[in-house]
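Below you'll find the structures, each written out as C-alpha cells.
In what follows, chain A forms one complex with chain B and a second complex with chain C.
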Partner chain A sequence: MSLCYAYYPGCSGLGTSLEYDTSTRALCKDLGIELVEIPDWNCCGSTPAHAVDHLLSACLVGRNLGIADDMAEERELDGIITPCPSCLKNLKTTQHRLADPEFHRKVELIVGRPLKAELPIKSVLQVLVEDLGIQALAKLVQKPLAGLKVVPYYGCIMVRPPQIMQFDDAENPMALDNLLAELGAEVLPFALKTDCCGASLGTTRKDVITKLSGRILDAAEEAGADAIVTACPLCQLNLDMRQSQINKANHSGHQMPVFYYSQLAGLAAGQGEASTMLDKLCVSPRPLLAALAGHTGEGA
Partner chain B sequence: MPSSPKTFDSEFIAEVQRESEQNLALCYQCGNCTAGCPVSFAYDYPVNQIMRLVQAGRRQEALSSHAIWLCSSCETCTTRCPNDIDVARIMDVLRHMARRDNIVSEKAVGAFWTAFLESVEKHGRVFELGLMANYVGKTGRMFTDVDLAPIALRKGKLGLKAHDIKNLAEIRGIFDRYREQKQ
Partner chain C sequence: MNIGVFVCHCGSNIAGTVDTEAVAKTALTFREVVFATDTMYACSEPGQAGIVDAIKTYDLDGVVVASCTPRMHEATFRRTLERAGLNKYMFEMANIREHVSWIGKDKEANTRKAEELVHMAVEKLRRNDYLEAGEFDINKRVMVIGGGVAGIQAALDCADGGLEVILVEREPSIGGKMSKLDKTFPTVDCSSCILGPKMVDVAQHPNITMYTLSEIESVKGFVGNFDVTVRRKAAYVDWDTCTGCGECTTKCPSKKTPDRFNEFIGQTTAINIPFPQAIPKKASINAEACLKLTKDKCGACAKICPTEAIRFDQQDELVNEQVGAIIAATGYDLFDFTKYGEYGGGRYPDVITSMQYERLLSASGPTEGHIKRPSDGAEPKDIVFIQCVGSRDKSIGRPYCSGFCCMYTAKQTILTKDHMPDSQSYVFYMDIRAPGKNYDEFTRRAMEEYGARYIRGRVSAIQPKNGRYLVKGADTLLGEQVEIEADLIVLAVGAEAAKGANELAEKLRISYDPYGFFMEGHPKLKPVETNTAGIYLAGSCQGPKDIPSSVAQGDAAAAKVLALFSKDKLASDPQVSNVKLVRCIGCGKCESVCPFGAIEMIDFRGMPKASVVETVCQGCGVCTAACPQGAIQLSHFTDNQILAEVNTLCL
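Moving on, here comes the complex of A and B:
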C-alpha cells in the first residue's frame, strides 16, 4: 500500500524553515510517501488570524481545504499533511468548526468554493508514526546516530488541544522520542517537552521569549543533551536563531544545536546536505557531529 | 490600571458565551489554567482571574487587560480544564472584542497581527521582510530584531522577495467578502 497525501508546506517552509520543508520532502521520498503540494496554497493565517477573528481564520484555511477537495476528485488521497504544528492546528480547528452547518455555509460563501473538508488532516510526524510506522523508518537507517544525546521538544500544539489534534498524549507525547530512538540516538527524558517557547511573541515581547525559550535551553543542558530536536518551525526559530538573544538577556552561554527531526532522520539515512540542509541551522551542529564516531565530515 | 466601571454587564457575558460557544458558569475557579499558563509571569491578571472577570460581567477590565494580548495560544489551559472549557478560545474571543472596541493594551502585539494579515492579503502568503517593515512603520520600533538580520541573511532565511500566490484576486475576494459579512 503506497501512501499519497496533499501536502501543505506553510509559509515558513519558504524561508525561515526551508530546511524543515526540504528535509521533510526528502525523507518522505525515501520512505515512498508521495507528497502532492496543494497547488497555489495560501497562508493559513497562523496565530494572527485566529487572534483577530475565527471566521477569517476559517476562510483562509477554507480555500486550501477546497483546493485539496478538488485534488481528491482527480486521485485517491490519504489525507492532507503539513510539517507545521501551527498550520496543522488551524487546518484541524477549521475542519472541526465546519461541522456546524451554519458556520459551514458562511465560510463557503466567503471562500467562494464548495467545501467538503472531509479528508483526514495530520502532521507529517503523525503519518510517520501512525500511517507508516516507525519500523519503516528504522529500515532506512544506514548510519545510526549512536552517541548523540538528544531531548525531544514537541512544542505546545502538536498535541494540544487533544480534542482537536487527536494525536499522541497531550501531557507526555512519545512519538518523537520513539522515532529518535529508532534512529539510534540516545533520547533523554525531558520534562519541558510540551512547554511553550513563547511562540509568536518574539518580535513584540522579547522578554517573554528569552524567559520561556531560555528555560527550555537551560533544561536541555541540565538534562545532559547535546542537542534539542523539534517538529515546529516557530519553536526551532526561537530556540536557534534567537539563541544569541537569549544568551545575552539571560547571561547564559548556550551553544545548543536545535535540529528538525527530519534532518536527523535524513542524516541517519545517509542523505547529503542538499536534503538535510544542516548548514541552515544558526547554531552550527558541525562540531557536535564531527565529534560523533561514524559521522565525521558527514554531509559537508 | 485605568479606572473602570464596576457594574455587572450581563450583555458582555452573553456575548462572550455566544462567540466562544463556552459555558462560563462551569468555571469554579480551580486555578488549573493559571497553574499551567506559561505566560502568567507577564500577565496583569492571571487567566483564572480573566475568567472570573468575564463571569462577573466586568467588561472594561477584561477587555483592557494586557493578558488577553500576551496569551500565546499554547492551549495548555484548554487541555487541562477539568470542566472542558475551551479557555484559549475565550482568550481569543476577548481579543476579538477588544480589537472591535479599539482597546489594544499591548499595542505592539496588535500591530504585529495587523501587519501579518495585511501581508497575507497582499501576497496570499506571509512575506516576512515586508511584514517587518510594515510592523516597524506601525510601531516606530526601528530596532526590532536588527541583531538577527545579519545571521538571517547569512543563512538565507531572510527572503528578499515575496512568494505571491497566482490567484491573488481570490484571496482579496475572500478578505472583501469577509469584511462585508462583518459589517
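Moving on, here comes the complex of A and C:
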C-alpha cells in the first residue's frame, strides 16, 4: 500500500527553508510516499494571524483545507502533511476549532465554501515514524552516519499543546531520536529538546533569541554534540543563521552545524547536493562531514 | 389501619423548594391516613415529641415521615415509634430532600413528586408487618489490618481494653510509613524514638497476635462473626527459630538487592531484616534476588545460621481467624512522580522523592544520616523542594490536597540546614496549608529562622547542566520566571490509595471513593465507621492524614470496637429472606446467586428445599428476584409491598 498525501510546503519552504522543503520532497520520493502539493495554497497566517485573531487564522487555514477537500474528492488521500511545525499547529488548531458548529459556520461564510476538514493532519516526521515506520527509512541507508554525534531539537510546538498535536510525548519526545539512530548517528540525550528558541521574537527582540537559542547551543555543546538536528524552519533559522549574532552577544564561539533531519536522511541515503542542499546552511557542515567515514564532505 | 404522615421542612432545606403544607394536606386524602401535618424539624426533640403525641392521640398504627434519606434518620424515627409503643417496622420514610428538594428548583414539580413519594410510602406501610429482632452471640476478638501508626494505636487500645487482637501487616515489619521518617513535625522529634516503644509494646502485649508479611485472602461472615482467611507469605525463614541475630545478612552474596525499606536508595541483601528496630526482628528472603531460590546455588545463609532457621522450601500458609470486628488501617502509597515529564520522568538520578530524602536524613538510613546525592555521592549545597507533586493537579487525576506535604517539606528544609549549615533550600509551593496546632508557626520558622526561600509558583522543567540541574519555574508573586541551579531536587510527592486497596475494600464489602480511599459512614458524623457493620477505618486508608490525625483515628476506631463489644449479644436484623416451603421447588437458583452464602439446600421430607441462614443473610434481595416461584420473600420488602409502591406511581 503506497501512501499519498496532500502536501502543504508552507511559505518558508519557498524561501528561508528551501533546503528543508527540497530535501523532504526528495526523501519522500525515495520512500515511495507520494506528495501532491495543494494547488494555489496560501500562507496560514503563521504567528501574526493567530496572535491577533483566531477567526482570521482559521479562515486562512480554512481555504487550504477546502482545496484539500476537493483533492480528496478526486483521489484517495491519507491526509494533509507539512514539514513545518508552525503550519502544522495552525492546521490542527483550525481543525480542532472547526468542531464547534458556530465557529465552523462563520469560517464557511467567510471562506465562501462548505468545509469538511476531516482529513488527518500530520507532520512529515509523524508520517515517517507512525504511518510508514522508521524501519523503511533504515532500508534506504547506504552511508550510515556512524560517528556523528547529534542532539535532536524538536522545538516547542512539534508536540505541544499535546491535546491538539496528538504526537509523541510532550515532555520527552523520542520520534526524532529514534529516526536519527536508524540513520546510524549517535544520538545524545538532550534535556532542552522541547525548549523554545525564541521563535519569531527574533525580528523584534533579538536579546530574547540570543538568550534562549544561545542556551540551546550551549547545552548541545555541553552534551558533546557535533551538530543539532531540527524539524522546524524557524528553530533552524534562529540556531543557524543567527549563530554569529548569538556568539557576539554571549561571547561564545559556537561553530555548530544545524541540520534538518531530512538533509541528514538524504545524506545517509546517498542523495546528492541537489536534494540535500547542504550549502544552504549558514554554519558550514563540510568540515564536520569530511571527518566522517564514507562521507566526502562534498555533499556526496 | 391508622396512618400518620409527617412532612419535614428541614429548615429551608426542603421547605425552600417543596410546599410541605400542601404535601401534608394531600396526604390526608390517601387511604387510611388519619392524620397529616408538616413539621419544622421532624428529627428534633419537639419534632419527635409531636410524632409520639400524634400516635397516642390518633391511635396510629404506623407512621410515614417525609424528610431526608433513611441512611440519615431511619434509625432515629424507628426508636421514636418504639417509645410510643409501636413496632419499629411500622415506619416508612419518603426521601423528599436528597431525592427532591436538593436536586430540583421547580417548586410545583417538586411538590408533586414529594406527594407521590409520600403516597408510595403510605401504600407500602399499609402492607408492613410487625417484625421482631432476634439475638446472636458476638465473637469478641478484633482484627486490625495494617501495622502503621494508626493500626498500632488501634491494636494497643483494643488490647489494653481486654480484647484479643489479630494484627495483620503486609510488610515484614510493622511500623508503616512512620518508621521510615527521620523526624516528625512540628516538634522535630525523632520518629523511630516515639514509634519504636509502641512497636515493642505490640510485640510484647499478651493480647496481640501479629501476622506480618501477611495479607487478607478472604473475609466471610458479618458483624460479630467474621471469618477471615489470612495468607502468611513465605519468608523462607522459620520465624519461631530465627533470633534476628543478622548473621545471615553478613554472608549473603546478593548484596545488590533493591532496598524497599530505604525506598530503593542504596541496596540490601537478598536475606535481610528491613531495619534495626524492625518488629518482629526476623530475617526474610527476597525470593526474586536469592541465588538459592532463583538458581539453586549458594545457600550461604543456611550454613551460617546458628539456629538453622532457613527454610528454602517454605510455602505460603493460610490461617483462619474468627473475629467480631475488623479495623482497616492500610494506609497510603506515594504518588509515582515519573508521570511528570517536566521533572525528568525518572531519568535524572538526583531528582528524588521526599520519602527517599527522609531515608537520606535518617541516621539508620543507607547514608547513615549524611546527605549525599545519588548520582555521585557528593554533598549537595543548593536543594530545590517542589511541592504538590501529585496533589491538586486535575491533569494527572489527583485533584485533592495530600494535606501533609507542606509540613514535611518545611521540616525537611529545617533538617537540611541542621545537617549542612552552608546549604540553601528553595521551596516551590502553590499555597502553604498549615492548619494544625503549631503548624503555621513551624513553616514560618523554616523561612525566618532557617532561611528556606519559598517561591510561590510551579516548576516547568528540570534540566541537567554541568553536573548540576537547572530548575526553571515561575514566581507568581513577582510575576517573573525564575531559574535556580540545584544539586539535588526533592519532590514532595502526594499520597494516593495503597496498592490493592480496592481489592481489600471489595473483600471487606466496604465502599471506596474514585481515588481508592475507603469511604467513611458519614463524612462528619461517622468518620471511622463504614457502611458495613463491624468494619471500621483508621488512618490514611480513608484519606491522606498526618500522624496526630492517624493516631486519633486509631483511638476512635478502637473505642467503637470496645463499645460494640460491651454487649454480649447483638440484635439481628429481621429484614431477611424467608422461604415458603410449599412454593419452593428446590431449583437452587437462590443458593447460586446469594453473594453471602446465606442459603442452604435442605432435605424436606425427601424433597430439596431452600433454607435461609438468618444470621448470614444481609437482606439484599437478590434471591427474591431470582426465584421463579416467588417462594422466597424478603421481610419488609416483599413482592406485594414493592408492587404496591410501583402501582401507586404508575396506575
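Definition applied: the second predicted complex is superposed on the first by the 297 of 300 C-alpha atoms of A that agree within 3 Å, B and C clash if a C-alpha of one lies under 4 Å from a C-alpha of the other, contacts with A are read in each partner's own complex, and residues count from 1 in each chain.
The rule is short, and it goes like this: contacts are C-beta pairs under 8 Å (C-beta built on N, C-alpha and C of every residue); 3 or more make two chains touch, one makes a residue touch a chain.
No experiment lies behind these values; they were computed from the predicted model shown.
Of the two partner chains placed by the overlay, only chain B lies in contact with A:Ile157; chain C stays clear of it. Of the two partner chains placed by the overlay, only chain B lies in contact with A:Pro48; chain C stays clear of it. Number of chain A residues touched is higher for B, counting chain B against chain C.
Once the two complexes are overlaid on the shared chain, A:Asp195 sits against chain B and chain C alike.
Of the two partner chains placed by superposition, only chain B is touched by A:Asp40; chain C is not. Look at A:Ala291: by the touch rule set out above, it reaches neither chain B nor chain C. When the shared chain is aligned, chain B comes close enough to touch A:Arg242, but chain C does not. When the two complexes are overlaid on their common chain A, residue A:Ala170 makes contact with chain B and with chain C alike. Within the superposed three-chain model, A:Gly15 lies in touch with chain B and out of touch with chain C [touch as defined at top]. Once chain A of one complex is fitted onto chain A of the other, the partner contacts of A:Ala274 are absent, as it touches neither chain B nor chain C. According to the touch criterion, the shared surface of chain A, contacted by chain B in one complex and chain C in the other, consists of residues 170-171, 195. Per the touch definition, chain A reaches chain B in the complex via residues 11, 14-16, 18, 40-43, 45-56, 59-60, 63, 89, 106, 109-112, 156-157, 160-162, 170-171, 195-196, 198-205, 207-208, 211-212, 241-242, 244-245, 279-282. Chain B contributes residues 38-39, 41-42, 70, 72-76, 78-79, 86, 88, 92-93, 95-96, 99, 106, 108-109, 111-114, 116-117, 120, 124-126, 128, 132, 135, 144-145, 147-148, 151-152, 155-159, 163, 165-167, 170-171, 173-175, 177-178, 181-182 to its touches with chain A in the complex.
On the side of chain C, the complex with chain A involves touching residues 340-342, 344-345, 347, 461, 463-466.
Taken together, the chain A residues at the contact with chain C in this complex read 169-172, 189, 191-192, 195, 219, 222.
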